[in-house]
């Protein structure tokens, strides 16, 4: 399967931030969720993939074309939306639709009208007088109605109320049925990523700390509750991210769970009382608190 | 490093987009200009003075507001990421902005300057006033080009406001100087239309300043291989 | 009103307003009011001319601009503002550029020749003769002549864009919701200050510099016509008031004529002028409305004769003044009573203008250039409506004039 995008050894240095050694590949038709705290480098990574930023080192390719050199050709096939992107408040949605339609030959007016209805938008209303949710939905409409092959979404649901967020996710879910379409989207809301993504990439302090298939990723994380006394050997256990002790209960969170863990813990004097899967949010928080090693 | 846009059709779309974004204000200015021309045509000296002043104010305001709306406000409103996401290069956007602002300014500028010159030539007013009109119009156009180039090159709102105010404060003294100074060699009351060496020198200086301003700005943008 | 509807009465009213202009300009040669200012002023004149000619002149141009506004709205409905601009530049801007030099040069040559040769020159010709004798030549004075209406049509096209962009059309529904008598009673008062800026009766705004009064006064009529296209039922609501408007218009004009003759002193001059302007405004506006109502009532059918006149009236109006001046300069030295001279000049001008239209313009490349569409002898009934309604174009069908200009 050809890669929709790939980054090899990419570095970008700013005055107070450094994105380093980024190796990332997104196969065609895959949906990748990008998770990271504010300032982790998610937006910079997405801007590199749009050709808006030139990498200091390494190679950035989208659809096999180098960026930023091929940014014009590549951007014809990318739908990009970021939380700092705003439409013209003095103009109507219809005006924006006509503007985009003039640029992209693949504009699908029937689909656009469908999205207008589904998002409950008013094409003749000036965007300045609409809610933030309406504006985000308008932005997504402009992007989706031209059927881009790759979607790069930087915090697309930030600031949306639950209803609007649900509508947006539903629309994205509909779009993502197309197996030829690839998506890389970042979000604070790990529930969104858990709901939509095929794979997950953790970014922390400018580095990728994990990037793999969602099921595999979630599968190796567990919250294990035991009884006993934790010793130094337990603290050195591979994959251990969190350890809490409230005698006689010991709670540990591991990113390297396997079926032999209970036996290993038993040799360390701990008796496992429960093993629970972890939500992505829990994993995210645990990873960040643990210093960023997933 | 390329000094040119990659896609002329895209630049045309960006220019048209800016024209549409600015259309409402421009419509207001056009109405104001017709009112000013109507005042001049009333035939009273006070009305002609008020009309000429209104035209001058409108010309200055059209320029500074187009820059304000199409560059500074666009940045403040975070419309730039939207434009950057389109299939454009930094030079496409640069030429789009430069040409859009020039077009928006040059339309009313040509109407007003051309109208004033036509009025001087077609009425009993002394033809010497044409030189005066051309010098002031050229100064306003040069000021606009400098302001535009600063606004395109520099994202600092403070510097842009400073440049705007500095150039605006120069307009009044320049008009006064051209009107009163004998060095310019103007014969405002004269029937003949003669551009003296000082007047030609001033016009040449205007052209030079415009060429340098646009040249430097284009060079700065041509060096950029990516937007950010 | 839909954009595909054929609107005979507007087409016909426009033609009548233009042809009335030919008669009016011919009458000015016998107007005591303009005797000192009109180049073809004849020795034979009558106050009857002033009373009648100026009465019709009061509302013929306001009526023309109402019709122009109406068709501007129709063009916007068909092709948007871009369509309006394209149409106006081709049908109004291009003729202005071509005909203005032709008209002004021919008028100048005719006038210089008359000043040199006329045995009974008008005061203007006498002045020119003495000026040329003293200074050797007559200086050029730039003027739009009778083509000023084309310039204002272009300005109003620009203002249509301004109004549309600033969404001024929103005032239309609000006004339409008021009682029908509000506009006929209020608008003349609001327009009177514009008329008060100039002499009574109003002069032709012949300068390239837009005249404020003309922008406001004719612009308001243009805007009314524009709104009328979208709200034709407003006119129907005025129908019961037609007799009152006709009576009021004549009464206001009579009052104006009476006041014009009354003696004045400096202290009341301004007030008197304002009252003149108000009376002029009422008379003109009510007659304009009455003409619209009458046109809708009696001119809204298809008549081949009216159609032919309507087709030719644009060309006739463009070229009539040099033709008229040529005839009237020749008549200066002819011993004839003024009504006969007037009849000859009108008949001669119309005959030459219409014949030139029939022979040289209507079915030639010039006609296509002027009107934008080839005209043949194919019957027009049905075809025009069909095409105007958006049916596929057929090579030789008429496009209704009202869609073309």
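As written, the chain order gives the labels A, B and C, with residue 1 at the start of each chain.
In this section, a residue touches a chain if its C-beta (ideal position, glycine included) is under 8 Å from a C-beta of that chain, and two chains touch if they have at least 3 such contacts.
Keep in mind it's a predicted model, so treat the numbers as computed, not measured.
A.B. asks: What graph shape do the protein chains here make by touch: line, ring, star, complete or other?
C.D. replies: Contact pattern: an open line, chains touching in sequence.
A.B. asks: Starting from the Cα centroid of chain B, hunt down the chain whose centroid lies farthest away.
C.D. replies: Ranked by distance of C-alpha centres from chain B, the top chain is A.
A.B. asks: Using Cα averages as centroids, what's the distance between chain B and chain C in whole Å?
C.D. replies: Distance between chain centres, rounded to whole Å: 38 Å.
A.B. asks: So, what's the distance in Å between the C-alpha centres of chain C and chain A?
C.D. replies: Taking the average C-alpha coordinate of chain A and of chain C, the gap between them is 69 Å.
A.B. asks: Find the geometric centre of each of chain A and chain B from their Cα atoms only, then give the gap between the two centres in Å, rounded to an integer.
C.D. replies: One centre to the other, that is 46 Å.
A.B. asks: Residue numbers in chain B touching 2 or more other chains?
C.D. replies: Counting only residues that touch two or more other chains, chain B contributes 24.
A.B. asks: List the residues on chain B that touch chain A in their complex, please.
C.D. replies: 6-7, 10, 13, 17, 20-21, 24, 77-79, 81-82, 84-89, 92, 225-228
A.B. asks: In the complex formed with chain C, which residues of chain B make contact?
C.D. replies: Where chain B meets chain C, its residues are 23-24, 26-28, 30-31, 34-35, 37-42, 115, 118-119, 122.
A.B. asks: Within the complex, which stretch of chain A touches chain B?
C.D. replies: Against chain B, the touching part of chain A is residues 47, 50-54, 68-69, 71-73, 75-76, 78, 80-82, 84-91, 95, 99, 102-103, 139.
A.B. asks: Would you pull the chain C residues touching chain B in the complex into a rising list?
C.D. replies: 142, 155, 158-159, 161-162, 165-166, 197, 207-212, 215
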